[in-house]
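Below, each structure is written out as C-alpha cells.
In the two complexes that follow, chain A is the common piece, with chain B as its partner first and chain C second.
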Partner chain A sequence: MKKLMSSKWLLLFVVALSMVLVLAACATDEEPAPVPDDDDEVVVGEPRRGGDLVIALDWEPDPVIDVYNLGWGNLPHDLFEGLLISDYDFNPGPGIAESFRFEEDGLVQIYEIRQDRYFHDGTKINAEAVKRHFELLTDEEVDSMSRWDFAFISSMEVLDEYTLQVNLDNPFPAALSNFSWSGGWGGLQNPWAWEEYGPWGENTYGTEVVVGSGPFKFVEWIPGDRLVMERFEDYRSTPIHENEGPAYLDSVTYRFIFDSSTAVMEFEVGNVHILETVPPEFVEQVRNMPGANVYEGTGWEVVYVGMACDKPPFDDVRVRQALNLAVNQEEIAEIVWMGYAEPAYGYISPLFGDSYVGDKETFGYDPEKAKELLAEAGYADGFTTEIMVEPRTDWIAAAEIIQDMLAEIGVTAEIRQYERAGYYDKLRAEEQEMFIRAHSWWGLDILPWYFHSRNFPYPNYHRYVNEEMDARFDAADYADTYEELVEGYRAIQVDLNREALWIPLVNTLDIVAYRDEVQNFTFHPHYGIRYNVDVWLDE
Partner chain B sequence: MAINDSFWQIFSRRKSAYIGLFIIVAYVVIALFAPWIAPHDYRAQDRTSIMEAPSAEYPLGTDRVGRCLLSRIIYGARISLTVGLVAVGIGASIGLIIGSISGYMGGWVDRVVMGLVDIVWSFPTMLLAIALTAILQPGLHSVIIALGLVTWPEYARIIRSQFLAVKQKEFVEAARSVGASDFRIIRKHLLPNSIAPIIVVATLGMATAVLVEATFSYLGLGAQPPQPSWGSILSMGKDFIYHQPLMSIAPGVAIMIMVLGFNLLGDAIRDVMDPRLKK
Partner chain C sequence: MTSYIIKRLLGTIPVLLVATLIVFMMLQLTPGDPVLLLAGERATPERIERITADWGLDQPAYMQYFSFLGRIVQGDFGISITRNRPVMDLVKMSLPITLELSLAALFISMIIGIPAGIISAVRHGSIVDQAALFGSLLGVSIPSFWFGILLMLAFAVRMQILPTSGYGTLAQVVLPAIALGTAGAALISRVMRSSMLEVMQQDYIRTARAKGLSERIVIYKHGLRNALLPVITIMGLSLGWLIAGSVALEMVFARPGMGQLLVRGILMRDYPVVQGMLIILVLCVIIANLVADILIAMANPRIKFD
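Showing the complex of A and B:
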C-alpha cells in the first residue's frame, strides 16, 4: 500500500516536471530575438515578434499576382510597397522614395530613392530598378492594366545611383497619387526578376515566384485556399508606421473563404484573426462574440445598376432618368444592407470629399415624374428588359426589389443570374442591357475608366461615347494643378449626373472584424488591412 | 385484369406506399390550386415587414424583401413538380426510343448505341448539366433540358436489357411469323412487356430531378428570381439562419418531404413489380 502511494507520487512528480519543462520550452520558443528584450515577462501593450496573422478574404486575387498584368489594386500591400505612400489623410508621403521635388512647374519630378531598401531576393533597390519597373508598367507589349495611369511619364533619367528624374510632357496632378498606390500601380517589384520568370521567361512569375518590396515576402499560393507570406527581415519601414522594420509578425496568411457563414465560424473559434468583410447580416452576431471587435466606416464601394447607354431604349436620357427616379435607394439600403450602407446619389463614394458631386434630383426617388419622363420618351406603356446579376444574395435581393419598383412604372425587368465568368463573358460579348455592379475605386480616374471612349466597349461597358466628354477628361487629367483637376472633375460629374448613366444604389460601409489578439489594428483608407507592419499578435 | 389485381393487392399491403402516394397527391393538389391555397401572391413585396416572424397574416413569416414565405413555398411545388415531370419525361422518352432501337436491332447498332450511352454516362451528371446551362441561358428550361440529356442513358440501358430478354419469347416469334412489322412488334409486344422497370426508375428519377433542380437554383443556375424555387429560397435564407431560420428550414422540409414521397412511391412500385414478392 505504501509502495503504491509512493509510486503514485512519483508519477505525479514526473508529470508535473514534464509539464514545467514543456511550458519552459514553449516560452523560450515563442520569444526569440530582439523585441521585446529577453526579459522573462512580456509587457502588455509592447510589441512582440512572432505569430501568424490569419486574414479571411471573401475573394481571391486574380490568377497571377503580378502588378504588370493586373492593375486592379486588389493585391496585398504587404507584398509590394509604393514609390510613395499615402498617409491617413490621403496625402502622398515618403515610401521607397524618401523625398521628391518638382522643377519647371512640375514637368520635372525628382525622386530620391532610399539607400537602405532591398527587393525580397536581396537585390538592392536603386534608381535604375525603379526606372525599369515603370518602363515595364508603361510598355505597350507588357500591356499592363496600369499603363494609362503612368502614361504621363514621357521619359526617365537616372541622375545618380539613388536619384531618378521623371520627365512629363504635360502637367499631371494625379502623378503623386498614382505613385502612392502600392496595389497594382506604384507597388515596386523586381523588374529583372519579372523579366526572367514572367511571360517572357519561365512563366512562373506571379504564381510561384513573386519578388516584391513590402514588409512580407511571398511564400506560396494555393489557388482557392490561401496565400502565405513571411516576414522580410531586410524591410525598413516608412514614416506612416511606428515600427521601423522589420515587421513583428512571422507570417501573414490570407485565406480565401467565399462562404460568409464559414468565415464567421472560423473567426469565432479563432482560426481567423481578421475578417476583411463582415456581411451586414452577420454584424450583430460578430459584435456579440467574446474577443471580437468590429470596425465600421464609410467605404469606397458604390453599388449600382449599369445600363447599356447606346442601346434602345437606354440611349434616351429620359428613359435613364425615369429608371433612376423609379428606384428608391433609401429603401434598398435599409432592407438589403440592413442599414449598413448609405443611399448613393453619384458615381463615386462621398469619401472623395471635395471631388465628389452627387445629384439627388436625378438619382433620387419620384415615381410620378418617372412615368411622365417615360411617356415623353415614347414608352408610356413601358418596355421589357433584363437585369443581369452575379449570384450574390444581396445583389439578387436588390435586383428583386428593383424589379418590383420598375414594375410600378410599367417596366418589366427579368432577372438573370450569371456566375462571375459568364457575367464577364456577357459584358465582353456586348450583350448587356441592365446589370448590377460595384466599384470601390478611390481615384477620380474611375470616371474616364468607365466613360472614356478609348475604353469602349470594355471596361466602358456602360457604352457611353461622347467626344466632348473625352476631351474634358483629358483636360482635367492634365490640368496644371491638383485644384484645377478637382474643379474639372466636379464640372464633369455635374454633367454626367444629368446624363444618368447608371442607377447608383448604395455606398456600402467597410465592416472589418478583428480578434482581441490582434494588437495595433489600423484600417488605412487606401490600403485597408493589407499592410501589417505595426500589427502584432498577443496570444 | 389478373395483373391489375395483384398490382393493387401488393401495393395495398404496403403502408409506405400509401404514405408516398398521399404525399405526392397532396403536392399535386397544392401545385394545381396554388393561387387559391396561397394566402398571398408569391411576388408581392411588403417592404414594411422584412423577415418577420410567423403571424396570422404571414403564417411562415416573410423573406428578405417582405414576401410571404408560405405562399412562395406553395408556388414552389409547381416548379419542383414541373421540373420533375418534364425532365423525367424527356429523359425517359429519349431513353425509351434509343434503348428500343438498340435492344431490338442488336448487332452493330446495339454496340454503337451502348458505346454512346457509356460515353454520356462517364460524364459527371452535375458537370454536364452545368456546362449545358452555361451554353443555354440560365433558367428552368436549361435545367430541364440538361437533366433530360444526362438521364436518358439509364432508361436506354434498362429498356434494352428488357428487350433482349423479351424478344426471345415465343409470342414475339409468333408475331413475327405471322408477318407483323418491326414497329408493330415493338409497340404491341415488346414495349408493354418491358415498361414496368421504367416506371420504377422514372418515379425514383423524379426525386433526383427535384433535388437537382433545388441544387441548381441554389447555385443560381436554375429558377431565376422572383420564381419561388425551393432551392433559391434556401440559398437566400442560408445567410439569415440566425435571424429567420424558417427561410432555410421551410424549403428544406418541403424538398425533403417531396423526395421522400417519390422514394416511398418508387420503392412500393418496385416491390409490386418484383416477381419474387408475388404470391
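Showing the complex of A and C:
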C-alpha cells in the first residue's frame, strides 16, 4: 500500500511538473505593454558612446565570390560608403565625394574627394584610390556583379590628388543614383587590399578580410552564426548623418538566426536589439512586448505571378488580362500577409514615387469581365495550367488562394512546388507557365532587366519580346536628363501595364522591431536600411 | 585489440566510398545548378559560364567525382562553392558544436533512460511502469524542435534561468540537449526495460537471490551489467540519429553546427560541403559504433576481439 502511494505521488509529481512546464511556456505577462502609437517619437537623450548593437537577421549574406557581393540589407552600409549618398528624399548628395559637377552636357563628371577620409586599414582615400576601385569594378577579368551598373564609365582621369574626372560616351542619368549605392555597387573599398587578399591573391577577401571606409570595420564572420564589426575611429561622417563621426557604438553584431520564433524570443529577453525582419505572424506579439517598438513601412518587394508570355494561352493579352482580373490582391494581402502588405497594381514598388505607374483597371479585380475576356480569347471553358512556386509558406498560401480564384473563371491551375535550385532550373529550361516570384529592386532598370529582349530567355523568363519596347528602354536609359529618364519609364509602364505581363500580388511591408535601448533609430526608406552610425544604446 | 580497431577502420573505406558515390549521384540527379543560385538573378550568361568553369562544374560528372576522390586522399576537402572557404575549416568550426550537442543529448538520454528502464523493469506492471511507458511515448512522439521551443519559452524567456540560444557555454547546451535527448531517453528506457526483464528471469539471478544477496546487489551487480549490453549497442547507433536530429535543433537554437551547414549545402547544391560533411558524419557514426563494440566487449568478457 505504501509502495502504491509513493508510486501515485511520483505520477502526480510527473504530471504536475509537465503542467508547470506547459503553463510556464504558455503564460503571458499579466498586462500587455501599451502599444506604442505610430506618432510617438522615441525619447532621444544625449548620445552615449559604447555598447554592442545586436541585430538579428533571418538570412546570411549571400555567398561572397568577389568583393562586391556582401549581400543586401543593412550590413554593407555599416562597412562601406558610396562616392555619393542619397538623402531621405532620394536625392544624391555628398558621400566620399564632397561635391560633384557636370560638364559638356553631362559627359564629363568631376568629383571632389574629401580629404579627411581613410580606409579601415589606414590607407588615405584619394582620387587614385577611387579610380582604381571603379576600374576593378568594371574590369572584365574581375567580372564583378556590379560591372554593368558602371559600364557607363568610358574612362577616368585623376586631375589632382583629390579630384577625379569620370568620362562618359553617352549621357547616363542613372549614374548619380548608381554612385550613391554604398551597398555593393558604389560602396568604396580599398582596391589594393582587394588585389592582395582577393581571388588574385590570398582569396580571403570577403570572408576574413574586408576593407571599406564606412563607420564600422570588419572583425570576423563566423559562418552560420554571426558577423561582427567594430567602430572605425577615423570615420568622418557625411551630411546625411547627424553624428559627425566616429560612431557611438563600440561594435555591431549581426546574428544569423534562421528560426523566427527563436529570434523573437532573443529579442524579448533583450539579447537582440533589432529584429531586421518581423514575420507578419509575430508582429502583434512583438508589439505587445515591454520595451519593444515596431517600424512598419512600404518596402521595395513586389510579389507577383509571372507568365510565359509567348506560350499559349498566355501569348494572348486578353488571357493575361483575364487572369489578372480574376485575382483579388486585397484578399491575398489580408489573408496571406495578415494585412502587412499592400495590394500591388504595378511592376515596381510605389516607393519609386513619381517613377511608379500603377494600373488598377488592368490589375484590379473583376471576375465577370475576366470571364468575358476569356470567352473573347476563345477560352470560354477555361484551360489547364500550372503554377510553379518555391516552398515558402506565404507563397504557397498565395498560390492556393489564386488557384481557387482562377477556378472561379474556369481555369484549372495545378500547384507545383520546387525548391530554389529546382525552380531556377525550370526557368532556365524554359519550362515555366505561371510562376510566383518577387523582386526588391530599387532601380528602374529592373524593367528592361525583365522585359528587354536581349535578356530573353533568362532573366527575361516572362518571355516578353517587343522590339519597339526595347528601343524605348534604351532611349530612356540614355536620356539626357534624369527627368527625361523618369518620363520615358512612366510612359513605358503605362503600356506594359496594359500588356498585363504579370499578375502583381502585393508590396510587402518592411517591418523592423527595435528595443527601447536603441536610441535615434531612423529608417531610410530608399534602400530599406538604417544608418547605425547615428544610433546609440541607452542601457 | 589494436589490430581489431585497425581492421574495423579499414573496413570503413568501402562504406565511405559507397556513401560518397550515392550522395554524389543523388546531387547530380536532383535538378538545380549551384551556379545559378550563387551568381544571383542579375548574373550575365558570361558570368555564369565563368563560375561554372572556375568550379569545374563543366566537367563530366564522373570526372568531378574522381577529382573529388583524388583530393580527399590528399586530405583536401575542397572549397565551399557558396562560402568561398575551405570545407575543412567549416568542418573544424562546426563539428565541435554538433558533437557537443550530440554527446550532451546522449548523456541526457542515458541519465533519464537507464534509471527509467530499470525502475520500469523492476516494478513492471505497476503505475510507475505505466508512467514510464507514457513518458516514453510522449518523448518519442513530441517533435524535438517543438519541444525545444517550448523549453526555450519556459526556461529562457519566462523563468530566464538559461540562455535562449547560441553556443560556447555549458548553459547554452542544456536546453537543446534536453530537447534532443528526450526522444533518445524514451528509446533507451524501453530497450533497458525489456533487456532487464529478460535478464531478471535468468537462472543466475535466481541463484543470486537464493544466495541471500540483497535485491540492490542482485539488480545492479548481476542484472544491470548483463542487461546493459543491448543498451550500449543502441547508444552507439543512436549517436548517428542524434547527429541527424541535431539538424532541426541547430536551426532552432541558432547553433552553427554541421546540420545547419549541411542543410544549406544541400539547398544551395554546394557539392564540396555536402560531400565533405557527409564523410565526416559517416566517420562519426562508424567511430561511435566501434566505441560501442569495444565497450560491449569490456562489459562482457565472454566476447573476444576477433
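Just a few scattered comments:
What we mean here is this: the second predicted complex is superposed on the first by the 480 of 539 C-alpha atoms of A that agree within 3 Å, B and C clash if a C-alpha of one lies under 4 Å from a C-alpha of the other, contacts with A are read in each partner's own complex, and residues count from 1 in each chain.
Convention: a contact is a pair of C-beta atoms (placed from the backbone, for glycine too) under 8 Å apart; a residue touches a chain by one contact, two chains touch by 3 or more.
Being a predicted model, the structure only gives us computed values, none of them experimental.
In the superposition on chain A, A:197 makes contact with neither chain B nor chain C. Of the two partner chains placed by superposition, only chain B is touched by A:397; chain C is not. Using the contact criterion defined above for the overlaid structures, shared-chain residue A:80 touches neither chain B nor chain C, since it reaches no partner. Within the superposed three-chain arrangement, the count of touched residues of chain A is higher for C, of the candidates chain B and chain C.
Residue contacts after overlaying the shared chain place A:356 against neither chain B nor chain C. Once the two complexes are overlaid on the shared chain, A:336 sits against chain B while remaining clear of chain C. Once the two complexes are overlaid on the shared chain, A:449 sits against chain C while remaining clear of chain B.
In the superposition on chain A, contact of A:206 is made with chain C only, not with chain B.
Applying the stated contact rule after C-alpha superposition, one finds that A:261 touches each of chain B and chain C. In the overlay built on the shared chain, the residue A:419 is in contact with chain B and with chain C.
Put simply, chain A uses residues 261, 418-419, 422 to touch chain B in one complex and chain C in the other. By the touch criterion stated above, chain C contacts chain A in their complex at residues 30-34, 36-47, 50-51, 81-85, 90, 93-94, 123, 126-128, 130-131, 135, 149-154, 156-160, 163-165, 167, 251-254, 256-257, 260-261, 264, 267-269. Touching chain B in their complex are the following residues of chain A: 260-261, 279, 281-282, 285, 331, 335-336, 391, 393, 396-397, 399-401, 403-404, 414-419, 422. Looking at the complex, you find that chain A touches chain C at residues 3-4, 7-8, 10-11, 14, 21-22, 24-27, 62-65, 69, 143, 145, 148, 203, 206-207, 222-225, 255-259, 261-262, 265-266, 268-269, 271, 418-422, 424-426, 428, 439, 449, 458-459. Contact residues on chain B toward chain A in their complex (touch as defined above): 43, 45, 47, 50, 64-66, 134, 137-139, 219-221, 224-226, 235-236, 238-243.
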